[in-house]
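Each of the next two complexes has chain A plus one other chain: chain B in the first, chain C in the second.
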Partner chain A sequence: MRKQLVIGVYLVLTGGPLFAGLGYSLAYSLGLTGLLNEGFTLHHWQRLWSGSDALLSLGYSLYLTVASLALILPAAVLFAWWQYRKGRGGLFHKILFLPLTFPPLIAAFAWYYLLSPGGLLSRASFQAGFTGGIGDFPRLVNDAWGIGILLTHLFLIFPLFAILFAHQAEKERMGELEAISRTLGGSDRQFLQGVFAPLLLKRSSPLIVLYAIFLFGAYEVPLLLGRSSPRVATLFITEKMTKYNLLDVPVGHAMAVVYTLSVITLATLLLRRGRFKLFEV
Partner chain B sequence: MKRIGYLLTASFLLLPLLTIGYLSVATQWTFPKLWQGPFTMQYWSGLFQSGNALAASLALSLGVSITIAGSAAVFGFVASKQLAFGAKTGRLLRLAYFPYLIAPVVFGSMLQFYFVRLGLTGSIAGVWLAQVLFVFPYGLLFLSTFWNDRLKQTAFQATTLGASSWQLYRSVLIPMARPWLFICFVQCFLISWFEYGITQLIGVGKVPTLTIRTMQYVREADPHQAALASCLMVLPVLLLLVVNQRLFLKRVDPS
Partner chain C sequence: MSIFLTGISLSCSNPAPALSDPAGKSWEEILAAARGSSLTMMMWQGDPLINRYMQDYVVPELQRQFGIELSLAPGQGNDVVSTLMTEIEAGKEASEIDLVWINGETFFQLRQIDGLYGPFVSLLPNEKYIDWDNPFIRYDFQQEVRGYECPWGNVQLALIYDSIRVPEPPMDLEALESWLQAHPGKFTIGNEFTGMTLLKSWLIHLAGGEGALNGPFDPAKYEQYGPQLWEYVNRIKPYFWNGGESFPASLAQMHQLFANGELWFTMSNNDSEVDNKIRQGIFPASSRAYVPATGTIQNSHYLGISRFSARKEAALVVCNFLISPEAQWKKMQPAVWGDGAVLSLEKLPAEWQERFRDIPGRKHAPERKEIQDRALLEPAPEYMMRLFEDFRTEVMER
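Take a look at the complex of A and B:
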């Protein structure tokens, strides 16, 4: 009896809000509920896809996700390689933990004051004679390519993967694999590219996918360091839902359905393949 | 060359902390000066004055995060045991991944209607409940890895020897799970402590946790107060890091 009660509470707390929220957003996007409810219609879904705004938003989120991982993963592999060669420990290893203490919002705030035209890098560049003033400094925040966002993501997530890869490298008996590689005539570079990096990336693939999902749903960092157009999917949704134009609310709900179903589909596929054991020990 | 790479990486990791620290004691910072005095502790000392908004936010954030983390650890422990010990209930565990993976701000946007209907928007209870929706699943997923065959056998033996359910928890399971519970508590605390999106959405700015207050100062173009709020967010976590790095390692590598 108590077991059923606990499981019931669990289902209400996990599945309940998910289906209630998704159901409400779906109903809203189909004109079945909401302030301007006009009965079943696909009009809002047509509006979502008729302009380039939604696609651009999804594309921008995808670009930031892929570009962030493209920066983070090679840097983390190189760090693990360096640690593997030198041995772990030291002050540098301790400093690596610092970004883990930063909430995304605070990291974005700090990086704004580092990268903005009036920020530290711009001042350093002026003092070194590389630029002649604020106007000469390239735009690194609120820019089209999301450079500030990418650097903040690198700051926040690189340490996680660097520490993880360094641990993995220890566990995988890299020494033995390297000895085999050397016996077969492989160079340092070939071992790094052919064995070390692929092995670490394959072993960590569930966590990489997990962080891809998190990055796709990033909110605070793009909010501070991004532009109003293009904007990430999460900002698209919240802006459409909370701004004063009531006609935009169903479009926001439609986008929320698209985003949520994408995450659920990806997670379900991974769980079904048994590759998504995030907390497996 | 290696030394330059080392220096650049160390700067990359250290500069944000130095920046918020610097801004919290600087009185002005005009371009193009890299470093500009005079420095002051007035923002910091203001924290100890009665009615200080940031001190109130710090207390509020601590209260919300500690109670959520404690509840998540307790709920996660009890629920994960029931799910782990059931023959067919293990599959239900997968359901917990979804609320945890969906961006909290989107999750909150979809649920805002219900919070409004229940009269929970703009209240601490609303923010608390909104955060629970994704912190509880995390706690449960984390603690589900605690249960293994050896533990199940130990629990079974204790029950066979006449231990009541309460005795089983008090004398067997909780002592064995203590380190896991502590790590789970810290992890859940951090998730709640770092949260901004859903807190803003459900709290509609009326529940001024530290993240909300920081954003408010950023929008008001008050970098010194924003930096002080940032320091207040980072320093307690930094203290945890100094006490025990493993708390953070668990977050990275559960093994």
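Take a look at the complex of A and C:
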């Protein structure tokens, strides 16, 4: 009974503001509220989908989310594998915590100064004679593939999953599982691919989903390191709500509704499909 | 569901009426009511010299002369509008912001949401010195200010270049295109206010030059000249910084790219900013400002008072101080800010006329009188909105 009460209060405190905000944005996008709105209309929704801008933004956010996780998770699994083989500890394990202290904006600035054509790498490359000037240095920020964004995400989030996986590997009695694998004739690679990695990923699925949502809603890093077009969904919303045309504000709210519903749907589907308990981690 | 309904009802509630109205009071009564007040001014704080002028001169002087405590909150046009709009939508009784530093597009938006108090400028004793005959002061984005905002400074868009790398800067659109072809990657336009102001200047040039877009927004003119502008911009885009694949999101980023040599051009809405930036060590000493023969937009920036300010008397006193000969003279010093004054020299007492004439000249920027004949009036705000929207669809997404 007490547990149910705590969960109920938790849901009200977390879900309440979310659904109130969602309701407000929905009402705004439908013309039901807002200073310049004049009553119910679907016009703002029609404007949202009238060009490719909104879809491109959602697609770009999705690309950055998937690509970031595709970099972070294998790297973290391999780190846990390395730790499992050599035993936890060491200097590297200690300094791994360092990036976790960086706010995303600071990390984005740091990577900008490192990777931009006028940045440290470019200067070092020029001094070493590899490049003849700023123009010769490859574009690693504000680029088409979001390389700077992906590297910054890797820097910020890899340590968390690396530590988590290493810890998880200890908890899962991998030694015993490896012994069984060996008995059945499995190689190192087969154990890593067939048992070690899937087990860690499955056990950490709720956290992976939460980080996918976090990455989908990234703002500061794409703001500094991304391209002007397409821009991520959060930047799309901010731009519509705060730029020169006040009649774009309801369009920004419509996108906020789409974004929120996408995140809720994604989370619900992924979590239900795997039948994970969120509090398992 | 109840939370949802509460959210909706809150958002629909009517704004509270203004808490005070100094209209009808004598200036002495306004001064007395203002004494001891604390008020907040929201302003752009992206320039250390401007911040220093406000923090080290204006704030202490207001306290010393009028017993007013002025707090500065960071935020420019869109922040001002968002904050006031949210407060009005939430039905907040008194605004957190009393005074705002704005320009024409923000003025247009604040008038749209009825967020400004006024008319108030005629209440200010120093209003008599304002150069109202100057159309660049009297009109803000083609809108007569009608006492709802008080002129504070006057500037003109200038391009800034590195004179060592660019011995002869291009003076018109054709020359710029040729220069870009010879020097790819060294020029760009920011996807922000200053970049859009340059595009507006080009649009006016393509439409026939000075005065071609004066008057209310004309969709037919925009439809006629807009495509010409986009055709030109798309033609030179491949030679922009980063191949035209992305555009700086802020002027600070443009300046930084210029400072580290990635760009050989940047720009500023303040024609004398180059002197400030060299003095601060941000730009190389070889930086120079110029206005191309095609002309650039000159405009004024203003002070507005929130309709929901609970300290309007204090806001009036601050405005009056900021347009005083003393504060304007100080602000105009190249070493202080270098912002153009909005006062008419002829209307000032003789001693102040002399002091204004003795202000040291600019070192790396052209004198204002040299570029005055290349000054273009801001077109109506709708041009800015369309340009900003179409820059994305017609240029960035292509």
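Just so it is clear, the second predicted complex is superposed on the first by the 247 of 281 C-alpha atoms of A that agree within 3 Å, B and C clash if a C-alpha of one lies under 4 Å from a C-alpha of the other, contacts with A are read in each partner's own complex, and residues count from 1 in each chain.
Heads up, the rule we're going with is that contacts are C-beta pairs under 8 Å (C-beta built on N, C-alpha and C of every residue); 3 or more make two chains touch, one makes a residue touch a chain.
The shown structure was predicted, so the numbers you read here are calculated from the model rather than taken from an experiment.
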item	value
First (chain B), second (chain C), both or neither touched by A:Asn142	second
Chain B versus chain C as contact partner of A:Leu35, first or second or both or neither	second
Which superposed partner A:Leu199 touches (first chain B, second chain C, both, neither)	neither
Partner, of chain C and chain B, that touches more residues belonging to chain A	B
First, second, both or neither for A:Leu177, with chain B first and chain C second	neither
Partner chain(s) touched by A:Tyr244 [first = chain B, second = chain C, both, neither]	second
Which of chain B and chain C A:Thr101 touches, first, second, both or neither	first
Partner chain in contact with A:Gly21 - chain B first, chain C second, else both or neither	both
Which of chain B and chain C A:Ile213 touches, first, second, both or neither	first
Touched partner set for A:Leu71, first chain B, second chain C, both or neither	neither
Residues on chain A lying within both footprints (that of chain B and that of chain C)	20-21, 24, 118, 134, 241-242
Chain A-facing residues of chain B, complex	6, 9-10, 12-17, 19-20, 23, 31-34, 75, 78-79, 82-83, 86, 89, 92, 94-99, 101-107, 109-114, 132-133, 136-137, 140-142, 144-145, 193-197, 201, 211, 214-215, 218, 223, 226-227, 230, 233-234, 237-238, 240-241, 245, 248-249, 251-255
Chain A residues touching chain C - in the complex, by the definition given at the top	16, 19-21, 23-24, 27-28, 32-36, 51-53, 56, 116-118, 134-135, 139, 142-144, 223, 226-230, 241-246, 249
Interfacial residue positions of chain A with respect to chain B in the complex	3, 6-7, 9-11, 13-15, 17-18, 20-22, 24-25, 79, 92, 94-107, 109-111, 113-114, 118, 120, 122-124, 126-127, 133-134, 155, 159-160, 163-164, 167-168, 171, 210, 213-214, 217-220, 224, 234, 237-238, 241-242, 252-253, 256, 259-260, 263-264, 267, 271, 276, 278-281
Complex contacts: residues of chain C adjacent to chain A	3-4, 6-8, 11-12, 77-79, 81-82, 85, 88-89, 105, 109, 112-113, 185, 191, 242, 245-247, 249, 257, 260-262, 381, 384-385, 388-389, 392-393, 396-397
